[in-house]
Amino acid sequence: MRDYGLWENGLSTPIEALEIYDGMSVSDLVRGFSGCAFGAGRLADAVRIYREMLEDSGCTLFFGLAGAMVPAGMRRVVSGEIRAGHIDVLVTTGANMVHDLIEALGLSHYKGCDLVDDAMLHRHGINRIYDVFLPEESFSDLEEWLRDVVFPDLPRVVSIRELSSLIGARLDCRDSILASAYEAQVPVFCPALQDSIIGLQAWLYRETNPFTIDALADIGEIVNLCYDAERAGAFFVGGGVAKNFILQSMLVTPKQFDYAIQLTMDRPETGGLSGATLDEASSWGKIYENAKTVTVYSDATITLPLIIAASRDGLEID
Amino acid sequence: MRDYGLWENGLSTPIEALEIYDGMSVSDLVRGFSGCAFGAGRLADAVRIYREMLEDSGCTLFFGLAGAMVPAGMRRVVSGEIRAGHIDVLVTTGANMVHDLIEALGLSHYKGCDLVDDAMLHRHGINRIYDVFLPEESFSDLEEWLRDVVFPDLPRVVSIRELSSLIGARLDCRDSILASAYEAQVPVFCPALQDSIIGLQAWLYRETNPFTIDALADIGEIVNLCYDAERAGAFFVGGGVAKNFILQSMLVTPKQFDYAIQLTMDRPETGGLSGATLDEASSWGKIYENAKTVTVYSDATITLPLIIAASRDGLEID
Amino acid sequence: MRDYGLWENGLSTPIEALEIYDGMSVSDLVRGFSGCAFGAGRLADAVRIYREMLEDSGCTLFFGLAGAMVPAGMRRVVSGEIRAGHIDVLVTTGANMVHDLIEALGLSHYKGCDLVDDAMLHRHGINRIYDVFLPEESFSDLEEWLRDVVFPDLPRVVSIRELSSLIGARLDCRDSILASAYEAQVPVFCPALQDSIIGLQAWLYRETNPFTIDALADIGEIVNLCYDAERAGAFFVGGGVAKNFILQSMLVTPKQFDYAIQLTMDRPETGGLSGATLDEASSWGKIYENAKTVTVYSDATITLPLIIAASRDGLEID
Amino acid sequence: MRDYGLWENGLSTPIEALEIYDGMSVSDLVRGFSGCAFGAGRLADAVRIYREMLEDSGCTLFFGLAGAMVPAGMRRVVSGEIRAGHIDVLVTTGANMVHDLIEALGLSHYKGCDLVDDAMLHRHGINRIYDVFLPEESFSDLEEWLRDVVFPDLPRVVSIRELSSLIGARLDCRDSILASAYEAQVPVFCPALQDSIIGLQAWLYRETNPFTIDALADIGEIVNLCYDAERAGAFFVGGGVAKNFILQSMLVTPKQFDYAIQLTMDRPETGGLSGATLDEASSWGKIYENAKTVTVYSDATITLPLIIAASRDGLEID
């Protein structure tokens, strides 16, 4: 409904058929997409909106990262955006933190396949994430490192954001999301941290070394970031807790989001927050009714890199 | 792959075309589904597995409730199963708790529609959840109740499970999930509680009345429930944190799940946990390789009631 | 947009939480759905609209049957509706005709599973349709029957509708869709018949016994059915050619559809006709803007039987 | 199951995190994808397989084009591949032919939006295809052209392939799919042509000027193309009749497909042919069990151009 008036301007913009040629840059391709419709048109819109956010010096960019993006190989795409100063606030899942840590510790995820005998994988100590394989022993290394390097330095009461920073500070890995965020002073929130191996290990550790993760401590910090934002943009990769936490934090301020991009395969019709349209968020006062928004319905391991790569170029889309 | 050997038994079970007749009971319909394939066949499998779980007196049933099931009208389906003694452990989202509370306080969600002008809804103070409308003022009532009735009784350090129990204890509403769980002594876990209006209000309240929600406190409790389960069944409505928290809690025990049912519209190919197959969980050692499992790919507001209603009857499916 | 004004009537209809009880009939369940939202609410709408169509004596009902509904066990659901006089015109795919024929000839589809070694299945002469197995030799029987019993009686020029009738006339099987349609004088259209085993066999046969299937011959017949309909209802199971052929046939008349129900898992965002909303069809003048329409987004092997069973009862939903 | 043995080679190929840099070409991006998993990894596989097909001089490439790709702006992507000699056989829908014709006649599709009042669009004579608008009057021009320029030259009996060629021959438009196919002598099949405006117009025309479209005439031609192919590759954009017609044509030969690429958003679990995996086709003997195949689950308006653009470059992916 947001775009209700669009067609009243008449049939003003013909679809321009995309032409493929040799040696196309990603920007060339997305420029071509901007004359198209369906997913291609939406992807070009996403690039245009993302560039607007980045060029708007008063805009604070909140990045919500759900899904198993790190195992799929998307770690550097995110850490690169952090280092480029494009992400001001990161909200993610425990899983993405865990898998970022695994890679930062020099361990690897492996190309596997989705049609295998999972029972046999289990007997070989291999965990599967769709078509990615991960040796189970990676977790032992991760756990040892947390116990030896991170947890001993924890204060008696710690917020999840502080814990993420502490982990980032202990890592020496340019490509790590957590390390890059630490270096760039980008806060990393993770509302359901206990729902991850990091949470499990923290719980085990405190059996003998008492400390408390204060579940509410981060709310004030992210709400203040919303308050202080002259303008605010949201970039959602997937939905879940990351999406909701970003949106609800704005809800308690008098402001709303000015820009929003959502990359998802979820659908609205089953009513879940992950698949909810960005328009729906306007009814709640989370996103301004005249905000610049777009949702791209495609696999984010394809669309996220496309959008980032195209936004890096001197791309003009009108 | 789990069922790899099935067909080796030859072409033993012909599809039996379902016949519809007047006055069919839900059980009749599901008995008919048991001769069918695709979603119908899977739904009949889900009923059979659910009944097996319920009849297995040594089985502890973990129920993961994600999505906006309460706004859609599924509150009594869940609270009914709790009162019937079918659910031993509930893991859910802050949103389902919030909306359960709203109804328990005598407020309502309303039938709306998904194709509306969300900006106009916002101006009328109406929040939208797909095709459900909720007056924004409901939240004021909820917030006041939390501040007046629940938060003053909180101890200085509280777990999320304890907070859910406390809320349930304060409610007088047979149909409420939280009240029914309190009465039936079913623990309710909600790993990302801070990602909800309850979390926001708790944070506001403690600005003046200090207390701490201990994020790790629940892990021990749910892990013990896993340890103590002679056998364990999981029933996942949607994915997200609820699904992962149940599965990871079993991971730290020597046991695995013996039964698992998943109702979802998410798909495996994008690699997220929500859409992951139950077989994938076997590679992690979360679900036994010979466990009885099924995923039904359809809207859970249709399939959950169907499964529950059919399982209530003296249904025999073989 | 069709329902744009709905909410202006205010928050008039509270969601009524569904309650499950012992011995529920399908009608009871759907009556409960009618107080709910998301898929459950839409399914109750579908039952109400379907009943309205059936009770509207001036309404011609066009039924579009795509997908592999017959292999999944849905044959009797459709043939039952035909025999009950609920379907006036059937448009389907070659595949559904082929699989109906296979069963009508006394052959069977078998319960299989989707996670198997397809190469091994092939070596055993087993064809797979998701989790249904079909012995390859069934096709030999089918082909022989067509060559011996049907094709010799073909006139030199035949329409696809005439061919379907001829097949139906030769079958002696109460549960067959084609036989029931023949008996009930329900025309069966199948615009892409050549895209099926029946088409392939017809082509082989005419190498030695010349005859012609006239691709355009059916258009006049279905367009006349549209013209003659006092009112018209469409029931789409899946999309594809069946959906489009029904909608386009109305397009050349001054009329439009008064009712439409669509059961699908396809999504609108990729722009294909199968996933297109019923509202979109209003912009083309295929469905009246104030028609009664609903789309249920769930597996049709679950929702179709539910809707049919509920509509059979003396169900009142308001 | 096809890749069952993969992991037995051990954990040999670490995921390599994709790095985005300034001025990336599409080939650079896809080279980066080749180290990733989920959709990104599959897209890189698709490029590698497509290049293998193109470099395999004995390979006949069958291209199945479903969905509303032309209205979305994908016309030149397809016609470009035809002119480049990459497509040997095209199977498509009536809709894609109609919309190709509209553009070839100098008319346009327009950028619209999906959230509009379809009833108002209808009153303004605008047809909607998701977020594309098309003036209804375009069809009058199309119909006049067919009546004046194409139909008078039809023989008394014509195949659909001959009709497509005739249309292509009459067009003077480099970017047209039909014109490019005619020029490149690429046969265009369209099994359900009657299910389109071209079919409707042909039917109207023959009311006064008798001719027959012979529905079976094309089968022999496409089956011969299958027979004659030393090796065969299939590229499916969407599913439907186009996909099935290509696969079934191979079925009647002793051969199978050696390569297959599928771009779709459909899912396997509902059992339809469109969402069926390529492995399933191996159980039928349509695709060799050791064929090189991949399915990319994302919007084809994004993935098709990406794959074509990357395959144009001197890309090496191993």
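Per-chain numbering from 1; labels A, B, C and D assigned in written order.
Methods note: a residue touches a chain if its C-beta (ideal position, glycine included) is under 8 Å from a C-beta of that chain, and two chains touch if they have at least 3 such contacts.
Given the structure is predicted, the values throughout are model-derived calculations rather than measurements.
S.K.: If you average the CA coordinates per chain, which chain's centre is most distant from that of subunit B?
M.R.: Taking each chain's C-alpha mean as its centre, the farthest from subunit B is D.
S.K.: Would you mind working out whether subunit A and subunit D touch using mostly the same residue numbers, over half shared, or mostly different ones?
M.R.: Counting shared over all numbers used gives more than one half: same.
S.K.: Name whichever of B-D and B-C has more C-beta pairs touching across its two chains.
M.R.: If we tally the C-beta pairs in contact for B-C and B-D, the bigger total goes to B-C.
S.K.: Distance between subunit C and subunit D based on Cα centroids, please, to the nearest Å.
M.R.: About 25 Å separates the centre of subunit C from that of subunit D.
S.K.: Would you mind pulling out the distance in Å between where the CA atoms of subunit B average out and where those of subunit C do?
M.R.: 33
S.K.: Mind checking the centre-to-centre distance between subunit B and subunit D? Centres are C-alpha means, answer in whole Å.
M.R.: Spacing between the chain centres: roughly 42 Å.
S.K.: Which subunit B residues touch at least two other chains?
M.R.: 1-2, 4, 37-39, 68, 71-72, 115-117, 121, 126, 129-132, 265, 267, 269-271, 279, 297, 299-301 - these are the residues of subunit B that touch more than one other chain.
S.K.: Could you pull out which subunit D residues touch subunit C in their complex?
M.R.: Per the touch definition, subunit D meets subunit C at residues 1-2, 4, 66-68, 71-72, 95, 114-119, 121-122, 126-132, 136, 157, 160, 191-197, 199-200, 202-203, 206, 212-216, 218-220, 238, 240-241, 244-245, 248, 251-252, 265-274, 276, 279-285, 289-290, 299-301.
S.K.: Which residues of subunit A touch subunit D once you look at their complex with the stated criterion?
M.R.: Residues 1-4, 6-7, 11-26, 28-29, 32-33, 35-41, 43, 68, 71-77, 80, 103, 108-113, 115-117, 121, 124, 126, 129-133, 135, 175, 265, 279, 296-303, 305-306, 308-309, 312-313.
S.K.: Touching residues of subunit C toward subunit A in the complex: what are they?
M.R.: 1, 37-39, 115, 267, 269-271, 297
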